[in-house]
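In order of appearance the chains are A, B, C and D, and numbering begins at 1 in each one.
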Amino acid sequence: MKRNVPLAITFIVGAVLIFSVFIPPMENWGEDFTLFFDIIAVFAFFLGGGNLLRVHLTKLSRRKQDWPYSIVTIMGFLLMLAAGLFRIGNPGDINASLTEQGSLFQTIYDSVFVPLGSTMYALLAFFVASASYRAFRAKNREATILLVAAFIILLGRTPLGTIVTGWVPESFSILQIPNLAIWIMNSPNLAGQRAIMIGIGLGVVSMSLRLILGIERTYLGGDDK
Amino acid sequence: MEHFALWLAAFLTLGIISFLYKDNAWYKLTESIFIGLSAGYWMVSLFWDNFYGKFWVNKSESPYLYVGAVLGLLMLLRLVPRIGWISRWPLSFIVGATSGLWLINYFSSNIMKQIEATILPLFSAQFGSGFDAGAAAIIGNLVIVTGTFSGLVYFFFSKEHKGAFGRTAKLGIWIIMITFGASFGYTVMSRMSLFIGRIDFLLSDWLGMIL
Amino acid sequence: MSTRAKEILVIIMIVVFSLVFYFRKIAGGKEIIFSNLVAWVLIALLVLSLGLILILTIKGSLIGRRVVFIYVGIVLALPLFMPFTQKITISPEVRSLYEAVEKLPPGSKVLVSFDYDPPSAPELQPMGESFIRLCFQRDFKVIIMGLWPQGPQQANIAIDKILEDPEMQARNLRYGEDYVNLGYQAGNEFVIQRMGSSFKSMFPSDYRGIPYDSMPLVRNIRNFSNIDFSFNLSAGFPGSVEWVQIAVDRYGVELGLGNTAVQAPQMYTYLNSGQVVGLLGGMNGGAEFELLCDYKGKATKFMLSQSFSHMVIIAFIIIGNVAYFLGGRKSALKDK
Amino acid sequence: MKTIGLFRFLPALTSFSIAFFIIFSPALKAQAPDDSLSTTSPDALAVSIAPPTSLVVFDYKYDDGEALELTWVPSVDDLPVVGKVTGYELYRSDNGGEFYKITELIPGSNNFRDEDLSTGVNYVYYIVALSADARAASVKTEAIQTHREWLNFNLKYLFLIALIISASVIYFIETARRGKKLFVRKIAGLEAVDDAIGQATEMGRSILFIPGINDMDEVQTLAAITILGRVSRVVADYDTKIHMPVSRSLVMTAARETIKASYMAAGRPDAYSDDMVHYVTDEQFGYVAAVDAIMVREKPATIFLLGSFFAESLILAETGNSVGAIQIAGTARPAQLPFFIAACDFTLIGEELFAASAYLSGEPKQLGSLKGQDVGKALAMLVILIAVILATISEIRPLETVRYVLDFLIQVFTIKT
């Protein structure tokens, strides 16, 4: 019961969805599944959100390190729930649109979320630099190839690239760095991408089969029958 | 109010940037604000978009949606230790459905389409003459075909990379490395412009040092 | 002085610095530009310090990642204060766009679609600004729309910026007569398709709710046949590809493109086939266009930052390799 | 080890599908629109533009009786750029009711698929060409009903190839299960798993496991969870600390279930605690901010970054690198792989991510599935080789048979929708 029922559910649902693609009266079942999934995800959030509260309340009550920050997190969470679920601070009433201009919910989104998210995203500028500094070293043949390809593309995007190879005659224009950069993007880069993608396709097929057939079942609890 | 919003945005922006120096109180405060507010934001969105918008509004019209709700409720049984194991049912439903759904999707988009796109002639009169156009196109197609081929050889699991097979696999990993190097170099510019955007906010919108 | 004290000092400096400049801004302070001398000295210092790092590396002491971070921050920020602009060579696809706009007679109706959101703004916003500015200068009528929800907001930011300029204020541009912002419409490529038969069906009112028919500029515009030129600023889907496939291929619209650097290479096929008249790709494209318009906008400024940062990354890659080869190829090259 | 009962269904399932395919194969030939119902005649009214002609309606093939296809010849006044026609309107009547407009179409269009129809209803259509000041209607079609098909023969090659590859995977699983030894090459990133966990144990530090930022409806997350099963088993044996912040509630539930199972299998259920896995936030960069902080504060000895990653890949990998952790990463998102390659010690590239749990399990039947995948690769390589040779030959010298075979091959791999 504890193990075989879940295995049977996985098998039946998986097999049915595979075959539904080929059977027109069933072709929308995949979309229905995503609906089910979205609904399940809401219920699951009670576990997730509850867990978040629990973690921070525990931190708070046991006065663990950095506990004052937990107050901020909990307050933020509750504030957003109040503004969103009960539409507090919304110029319209409960039926007004959540994202109405001037509502507390939308204001918080615009003035807190946007700067936070885009700055976190923008940190990539620094990490790209430190990763290039550390990783692009000609340690072995593979690393050298990686380095050279990245170097050509980088050069091709600065005025330096045009200057360095500007002397190459027009009939060999492919050897000018900006053109070479475009050629690398369109040929070897494409080939590598394709090999990776075909491999991924096969990997998914094989793993899905292992899951559907119940060969892979680490996610289902152990042998507690 | 306008001043406050500007200073708040600047405070949060600098708080995140300060993490580059090291973990510190300013960052911790910013991080806690971000986590609390965003978790709340997502709960609200999930509730209104998914539960209300997809289930509550349509439930009388499409009664089969109750299946989703029941599975969701079973998920909550985790909170009752004695019958918590029932929550594996919705879990196995999701695992089965995800596997089944993606098996065919990946099959068509990752295998069939990519193979079709690789069926290229190695030579064509349309390529034009001269080194710049003709040769580049011929070499380009040759590289795409041999690159895809040898890349696949690299991924072979059940054959040892030895002899001619090993050399092809080696070529395959080189092609893959070119791919990685190229995509890395290619994204640097857009990553830099992301931070230029933040600097522009700080120096222009906030402090008015530049226009 | 302990690290703690230094940190507190830095924070105090940041606070004082920002307060000073904030009040300076409120008091109407102008932008800060270094003199040529200062700028060259700074560049020289930058190059020298990189050389010093190289020497240090050769001698065997490696720099940590924080040093790299500081350099990235400096080279992205400092060029924004520098008086000179990078030598820009104008590529044919930018020139052809400019020439196509030049050819239009005064009073031409130009449709500009803002199809991007704030993260792509550093690249695309300057293009939008210089393009609309050029249109106003030539007395064109500008119709703005967006296929991305945040596009029309970006357009408003651009217009506000343009209208701050006294030269533009002197033109006495009026909303509804000289330019309109029709706002965002959901539906991706279908919006373009439906606009083929009727603009009004897609935009019954503008972004502020003013009815389509009450705005003199658009009252008589039915569909693409009343539009003389189109410009599309795009960061992905829906965007340039859809505009080319529908507006150009089906309705014969004359179209120019402004794209992010990531997207631009895919557009060269359309350029070569003549489906689009011109293309601005990434910050380079924006800077080149500003040069043609004789307007020093943000792209020109940002461009310098962009190139500086690329050079610095290339420099650090070289330093890294020097470190590796001189360090007896030891594998333990982890920082810290 | 005994296999589960379900597994025995397989041969039956396979033969069932083959039989399915064979029985319905006569329908393969019936693809032409044979039930076209109407013809045309010039419109009687004198108007300033010509009407569209040859309006034909036929059942859309291989659907649930929901769609009809219409084709027509556009008005002769419909020319690119200089033409007078500004668009078309399509009208429909259901069961002899009144005609109403179902859609507007742009100039130059010559077909339309009318969807969301029902079976058993008689539909009649006509189309009107519009210009600035005139309308010109085509003749009406005869009444037509939609038809429901039970199998989608547009996808027959997809089905066939999927069947071959799935069958080869299953065949090798079976072969291996019967005890035949199969060779599987070493995968560096996975060989390192044991050592990496061992090192964390020695240093007395924790292991951080990040399963990507997507939910359980993404296969890469499933792959990450299956790998978690193997990793947490080693963790349980070594008695190391594992920490797993997640960005989705469902992933949290699945991960807890998985880790708990591993601890039970290791005979140490008491050592398991729900606190090993905790939810942070669904927001992409909020999650990244939290994970970065955890890395810096806890200084884990080993970090696993497995699953579906977006722009955050490099932020996480660089931060992990800066605290000196051994990093094992893997994703099937080609755009993010370069960043992992640059910043992590070991990277599972695409297919290797999905193969990982099978590889780590070391069970013969799991390894058998990897051999099955290789058959797929061999097949893909063979097709590419043959097709490229044929394509090149037909470019140099146009031979009819070569062209025919090539077209067939291309048709096989083209998916019709």
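FYI, contacts are C-beta pairs under 8 Å (C-beta built on N, C-alpha and C of every residue); 3 or more make two chains touch, one makes a residue touch a chain.
In this text the structure is predicted, and so the values were computed from the model without any measurement.
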item: Set of chains whose contacts include both chain D and chain B; value: A, C
item: Contacts common to chain B and chain C (chain labels); value: A, D
item: Chain closest to the middle, measuring from C-alpha centroids that were averaged per chain; value: B
item: Whole-Å separation of chain centres (CA-atom averages), chain A against chain C; value: 26
item: Distance from the mean Cα position of chain D to that of chain A, given in whole angstrom; value: 16
item: Distance between chain centroids, defined by C-alpha means - chain A, chain B (Å); value: 4
item: Chain C and chain D: spacing of chain centres that average the CA atoms, whole Å; value: 35
item: Contacts with 2+ other chains: residues of chain B; value: 10, 16, 19-20, 28, 30-31, 34-35, 38-39, 41-42, 46, 75, 78, 88, 91, 94-95, 97, 99, 102-104, 106-107, 111, 115, 118, 145, 148-149, 152, 155, 176, 179-181, 183-184, 186-189, 192, 194-195, 197
item: Junction residues of chain C, two or more chains touched; value: 65, 69, 72, 76, 118-119, 261, 309-310, 313, 334-335
item: Shared-contact residues (touching 2 or more other chains) in chain A; value: 7, 11, 15, 21, 37, 40-41, 44-47, 49, 52, 113-114, 116, 118, 120-121, 123-126, 128, 130, 132, 134, 136, 146-147, 151, 154, 157, 185-186, 193, 196-200, 202, 204-205, 207-209, 211, 219-221, 224
item: Pairwise touch network: line, ring, star, complete, or other; value: complete
item: Partner chain C, residues of chain D touching it in the complex; value: 80-81, 86-87, 104, 106-108, 130, 318, 321-322, 324
item: Complex interface listing, chain B residues touching chain A; value: 5, 8-10, 12-13, 16-17, 19-20, 28-48, 50-51, 54-55, 64-65, 67-69, 71-73, 75-76, 78-79, 85, 88-97, 99-104, 106-107, 109-111, 114-115, 117-118, 130-132, 135-136, 139-141, 143-152, 154-155, 172-189, 191-192, 194-195, 197-198, 201
item: For the chain D and chain A complex, residues of the former touching the latter; value: 4-7, 9-10, 13, 17, 62-65, 148-152, 155, 159, 162, 165-166, 169-170, 173, 215-217, 219, 222-223, 225-226, 228-230, 248-250, 252-254, 257-258, 260-262, 264-265, 275, 278-281, 283-286, 288-289, 311, 314-315, 317-319, 321, 332, 334, 337, 339, 341-343, 349-355, 357-358, 361, 365-366, 369-370, 372-373, 376-377, 380
item: In the complex, chain C residues that touch chain D; value: 65, 193-194, 196-197, 223, 225, 246, 250-252, 334-336
item: Chain B residues within the chain D interface of the complex; value: 16, 19, 22-23, 27-28, 30-31, 34-35, 38-39, 41-42, 46, 75, 78, 87-88, 91, 94-95, 97-99, 102-104, 106-108, 111-113, 115-116, 118-125, 145, 148-149, 152-153, 155-161, 176, 179-181, 183-184, 187
